[in-house]
Amino acid sequence: MTMNMTSLLHIPTAFILAPLLLGIINRTKAFFAGRKGQPLLQAYYDIAKLLQKSAVYSRTTSWVFRAGPVASLAAVTTALLVVPVGGSAAPFHFSGDLIFLAYLLGVVRFFTVIAALDTGSPFEGMGASREVQFSVLAEPALLLSLAAMSLIGKIPAADSMLFQGFFASLSEIYARLTLAAWSHSGTVLLLAASAIMIVLLTENSRIPVDDPNTHLELTMIHEVMVLDHSGPDFAMILYAAALKLWIFCALLAGVLMPVRSGNFLLDTTTIIAGIFMIAIGIGVIESIMARLRLLRIPQLLSGAGVFALLAIVLVLKK
Amino acid sequence: MILTLILLPVVAAIAMLGIRPAAVRRCLLIVVAAAHAILTACAWVNLPAPALDGWLLLDAPGLLFLGITSALFLVVSLYALGYLSREDWGKRQDFEEGFLFTNSRESVFLCCLLLFLGMMTLVTVSQHFGLIWVAVEATTLTSAPLIYFHRHRRSLEATWKYIMICSVGIALALLGNFFLAVASTLSENNHVPMLVSNLIQSAPQLHILWLKAAFLFLLVGYGTKLGLAPMHTWLPDAHSESPSVISALLSGALLNCAFLAILRVQQVCVAAGQGAFGQDLMVGFGLFSMLIAAAFILRQADFKRMLAYSSVEHVGILSLGVGIGAGAGYGAMLHAVNHSFTKGMLFLVAGNILAAYHNKSTRDIKGVLTVLPISGILWVAGFLAIIGSPPFGIFLSELTILKAALDQGQFVVAICYLLLLSIIFIGMATIVFQMSQGRPAGLPAEAATNPDSSSFLIGGESALAVIPPMILCAVILILGVYIPLPLQHVLKQAAVTIGAY
Amino acid sequence: MELWIDILIVLLILTNLKLMGSSRLSACIRVVALQGILLGILPLIAGHGQIPFRVMLLSAITIAVKGMVFPWLLLRALRTSNARREMEPFIGYSTSMLLSVGLIGLAIWMGGRLPLPVPLKSPLVVPLALFTIMTGLLAIISRRKAITQVLGYLVMENGIYAFGLTLAQKEPMLIELGTLLDVFMAVFVMGITIFHINREFDHIDTDLLTTLRD
Amino acid sequence: MFLILTAMIVLCASGVVSLWYGKTPGHANAIGPAGTVLGCLIGLIPAVEVLWTGQAEAFRMAWQVPFGSFHIQLDALSAFFLLPVLGLPAIAAIYGKAYLAAYSGKKNLGVSWFFYTILTASMMLVVVARNAVLFLMAWEIMSVSSFFLVCFEDEKESVRKAGWTYLVATHIGTAFLLVMFVLLAHHGPSMDFDHFSAAGMNGVSISGLIFLLAIIGFGTKAGFMPFHVWLPEAHPAAPSHVSAVMSGVMIKTGIYGIVRILTFLGHPDPWWGWVLTGIGVVSGILGVLFALAQHDLKRLLAYHSVENIGIIALGLGMGVLGMALNQPLLAVLGFAGGLLHVLNHAIFKGLLFLGAGAVLHETGERDIEKLGGLMRRMPWTGALFLLGAVAICGLPPLNGFVSEFIIYVAAFSGMGLSGISLSSIAIITALAMIGGLAAACFTKAFGVVFLGEPRTSAVMQAHEVSPAMRFSMVILGISCILIGFSGPAVISVMKSVVETVTGYQGYDIAAHLAVSLPPLKHISAAAGILLAILGVLIWLRQRLLSHRNVAQGGTWDCGYTRPNARMQYTASSFAQPLTGMFGFFLQTRQEAALPEGFFPSQSRLHTNTEDIFTRNLYRPIFRCIERFLLWLHWMQQGQVQIYILYVAVTLLLLLIWNLR
């Protein structure tokens, strides 16, 4: 298996910087609201505090409830292994890793949901049910948009059955997304990027799909599922959420920042900058948009799916 | 040899009327049946010489059907022993309408039974068309009293219909014979004798038009007896009202005799190069019979009638097989064997169920499997066999016929055949499992099974009631997984006689 | 000779029509008896040249059985059964007459379509036979009483017989006798059955014989 | 070969013996399972050997039935199918012994075990038979014996109805197979399989026809939509170990049949692949949707079998397309993925059915709305069911992911190839949606059944099942994990199997399969890492919580005092957003009494999702046929005169037709 040492640096970077994204988003929102807002490092404080706390468990719950956060965090961390940061390849890259990535996120969802159901609380059940509903539409959208990008620069039809032409790993796909790629199939990338953006907002329970701030409101999805977690467990959940956000931002930034100089430092820094930009973008969206009605969200997601399909059709036409 | 085969039962029959003690009579029945079976077996080993200057002669088809008849009769007479001893001879109440009735005298019953056997034997061995006609009519007349064994109005009605319809049919067959005679009048004073062999020899000179007309009359005539729709109408009544022993013989043996008679005519037609003419007709009749059977098996309220209609279905398949020709000929012959034994078994089991429940309604009877374990299993097994599910024999014969049909490129026929088979399967399955599964219901007040203490029991049922169907079940099971070479040989020859293979 | 045959044939046809037209059972039975006798005579004059012994014997037996035994049996059955003497038909008499006229036409057409290999004295024999058979069937189908159905069967049998006697003369004796015997037995058994029916239902209408159905 | 025959004989013999001892349940319930396990083990030896070496063995014997010869052969394909065909019944038998013990005395266990062994033996024969007559016999015996197993509790009306549906469906399916085999053997004196392969199809048309017949005939058994209608009826009705065998293995014989027939038909047409893909998409998505709408746990699992059959069909469709358009890579990957999923599905579906059986055995309840909180009462069953659930959702690192991954890879590599792109996109979308829906469905099933608080008193006194039952489930669970982690090894086993199916020769198969090796290696490694991280985190968590006082409390009820068990989220409400979203397909009927007024007294909601194909396709057809046939009943109305009229008229018409 191929593991280039430099790319291992991505992992600690993500570990360190991920919670910062939450801070950035909050700060952006505060800026738009004209407030001072919580400190940038608030997420770090929270996690640290929670880690020191003890935990309270409902009598209803079983080990499944305790396993939930651990499993999610483990899965997300593993997912980090295959996510390239822009042009520089991920520590693991193999054809089909995008499927692996999608399914690891599936694992996260699965365990969050059953942990929620374990409490037997109607609120958490409701959140869980919404979570799975949206994922049904989000997952195809994500896979299809990645598929569309994987076709860019792939040698067409006839000789593409040569083994190396057999389909690309995430890292290779992202390596191919150069300025040139943008110049000759910009629309495709734009469509794909917007699809990924929508999925990002859904998967990380941001406005307009979900509202991470309003606690305990029946409109909520993700937050309500973790109501009962406390102490270290909740810390893990927060951290996992941050990492998940990081992953999606990285994926998006990789598309939007076609900087493939080949210089590891330059590339990485630009992409990370891009990731922060996206965080700010999310903040902007959150402050200028209202939450959609729940019934609208499936339409939004199927819209993402349609974008992805369009992207594929376009790229196949080329 | 051949004469003995015929005379043995006839003489014994006449003797029956004389003998007083019931035990002796029943022993005589068994003895005759066994002797007949043994003689038949000998005939299978080496063909007996023709008798009455070639009027009586055993060729492949005759041998085949003689074998079936004799074997089935032996088993059935075993069952009859138990049946007659279980039957109470006093006045008793009819369980459907409640009036009182008695049985006809046992001596008369046995006498007619043996005569019936004798006449069926005569059909199988006779080569002269006139003689065949006489024999077939005789089977009708001898079996009429058997159907009227239980002397009540329903069986009487059944008997009347049986006699009227069959006699009319047979009368038409007689006219057919005369037409054949005309067809064989070569010139003023030059007649071909009405022997199968001679007719086949001089087939090319026969008058085609008269031959065809003759075939029509004989087909309709004997077809009435065979139970081809729409001439089948007597069949369900007779089978449902006669005692199960008789129903078994009617379905298992008598139908074959009529079938053989038709085969004889077909032989001549084939020799005269008119095979196709007959074949198309038989395909038509076959499919129509299956359709009618399907229609009446669906939602059938009386399980003996259901079996009767299934007989209609299977004679339909027989004539279909002959009609398709080629490989189907072999299939039809094989099917005749399988159907006889299967249907015989089913009717015997039906007798047991009827005896236990005193009820023929498929809706009231439930849980046969729990009430009569052995009969229940045999009932289900028989059902599987009759609808042609392996490893029972009928599967093979139906597959053979289907293959022939498709190989001939007769796709429409094949599709109708499968479709009707499926419908019939659904109809029968619904009824049979309604009856056999579930909690027992519709039992008469007295204990479900009251076998007489004298006979010893198997699984709570009297041995003589379950062993005969068991034997038949074993036979069809064996025929389903292994067809003995001598049988194959005879089947092939029989198929060849009607221009198939 | 031809003249006699034609007369005979016409008589036979008339008997058929009479059978269809008459309303009294006893009358019908007598008609059938007459028909039987006429049939017995038919082969004697239909034959060529001098009459062989077996033909004589056969016609004698025929006259005896068809002309005397059967009618006697049936009349006796009729007497025992306290059935009303009229025969309420499904199809009215006039209609039956019309039908039978139609049947004559059909019979003649068929006879025309079936050319005989050996020319006969009268071309009418085949149509006659066919017509008689059809009449018999019509009688069975259109009448209610069990006895009339037996009568119909007899008439049918007569028709077939007429055909056989006149055309298939070379039939071996044994078969002829066997046939006769069978017919005789058949009628006998039917008679017995009628007797039982009468005892069970105390009349011989077949309307009540419709309990077995689907 | 010798061992194969021995295995069959052992199975049948033990069946007969246990039937003989039917009256003494103790014996029957001992001999049946013992014989099954023994026979299956014997049979597995040659299967494994053949898979290892790749050399086929054959045995031929003359047989005195028309077109028949006793010809059996064990090639890689048969051997591969033998693994589930023998493995699952053996494991389920151990379970069944304990499961049926509850019925001893009430039921004749001898009969049950007789049919169980016969079913196993006949499935074996189906897989190894090389003669159409032999195959059909085995096929029918398989159907009939499974029918009797389904009718185990025949005193229940519902069971009888289910059995009837099953019998009718399978029989009609067989009718198509009859035609198919006869056409394959056209004019041949014998119906041996090698004559099929020898007899070249005359023209494309007939091979297309044969393919369609195979799809219908075998698809009925396999549970392709819309031929699946019997499946959700029959599987819940049967005893759970039987449902496991039927759902896990028996329906796979249909897949086997299709693959086997493909080997006779030579070079396929592209449209075959499209047909298979279409069926796969429909079965997959609709199957899981209907599963989502069920309340009956076993019925839900049955619909999931339809879904997984759909996934298998997707793989096969990719394979056929690859063969048709000369893309060996796709062919190899497609078949490998599809066939591997056959094995995987057998394992986890078996596990799930056994788990459901355990629940049923303890609580007597199949309606998931009445269950709940079983995790703390049946920890083993709960954990194993969870394992199965994760596996069937195709989540890494378990076996379900491996096969789905290979199919994905095939689909992705097919993109951009003319004629394949469309089905590739269809397959990717379908698989992704199926993944999401399956996750929804099993979080619902597992969550509502095992988590939260018990919803009825019946659940309260439930406790863990007997060791025997646990043992079988544990074995299945372990094999889920093993296959999940040893993807590369498994895929290399598929080499000889795919070789038999595609007819490609050794080298390039290996090469093509090799393409999927590095990813699988990575995945196994990543899975390892995942476990490592998991371990670390668990350890960390323990450390943190070790010397702190961990409090117990009620579930945080958002300010509402004392939530009770009935207030938990129900399965229907959990699934409602999705079932509502796809309401068009499901056509769920619901009667509801909604709460109204300021102090609503009572309200209720009941939903019933009937199969759309039963309701809108089959029932109308049957009705129509029945009406016509019953209309014919005027013929037989008892008037002897009319009957004779029939005779006369028939004769007259024939005469006129002849003399005209």
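Just a few scattered comments:
The letters A, B, C and D name the chains in turn, as written, and every chain counts its residues from 1.
Just so it is clear, a residue touches a chain if its C-beta (ideal position, glycine included) is under 8 Å from a C-beta of that chain, and two chains touch if they have at least 3 such contacts.
This structure is a prediction, so every number in the text was calculated from the model and none was measured.
Pairwise, the chains sharing the most contacting C-beta pairs are A-D. When chain centres are defined as mean Cα coordinates, C lies farthest from chain D. Each chain gets a centre from the mean of its Cα atoms; for chain B and chain C, those two points are 31 Å apart. Averaged Cα coordinates give chain B a centre that lies 44 Å from the centre of chain D. Centroid to centroid, with C-alpha atoms defining each point, chain A and chain C lie 101 Å apart. Between chain C and chain D the centroid-to-centroid distance comes to 70 Å (mean Cα coordinates, whole Å). Those residues of chain B in touch with two or more other chains are numbered 160-161, 164, 168, 213, 236, 296.
Looking at chain D, residues 633, 636, 640, 644, 655, 659 sit in touch with two or more other chains. Multi-chain contact residues, meaning those touching two or more other chains, occur in chain C at positions 114, 137, 140, 149, 206, 209-212, 214. All chain pairs in contact, by the document's touch criterion: A-D, B-C, B-D, C-D. Across the interface of their complex, chain C is touched by residues 128, 130-131, 133-134, 137-138, 140-141, 144-145, 148, 151-154, 156-161, 163-164, 167-168, 171, 174-175, 178, 181-183, 185-188, 191, 194, 207, 209-210, 213, 236-237, 240-241, 296, 300-301, 305 of chain B. Per the touch definition, chain B reaches chain D in the complex via residues 160-161, 164-165, 168-169, 172, 212-213, 216-217, 219-220, 224, 230-231, 233-234, 236, 281, 291-292, 294-296, 298-299, 330-331, 334, 369, 384, 389-391, 395-396, 399-400, 402-403, 406-407, 414, 418, 421-423, 425-426, 429-430, 433-434, 437-439, 480-485, 488.
By the touch criterion stated above, chain D contacts chain A in their complex at residues 327, 329, 372-373, 375-376, 379, 382, 386, 390, 393-396, 401, 405, 408-409, 412-413, 415-418, 421, 425, 428-429, 432-433, 435-437, 439-440, 443-444, 446-448, 450-453, 511, 515, 518-519, 521-523, 525-526, 529-530, 533-534, 537-538, 540-541, 544-545, 548-558, 563, 565, 567-569, 573-578, 581.
Across the complex, chain B is touched by residues 114-118, 133, 137, 140, 146, 149, 153, 156-157, 159-160, 163-164, 167-168, 170-172, 174-175, 178-179, 181-182, 185-186, 189-190, 193, 196-197, 200-201, 206, 209-212, 214 of chain C. Chain contact summary for the complex, chain C toward chain D: residues 90, 110, 113-114, 134, 137, 140-143, 149, 206, 209-214.
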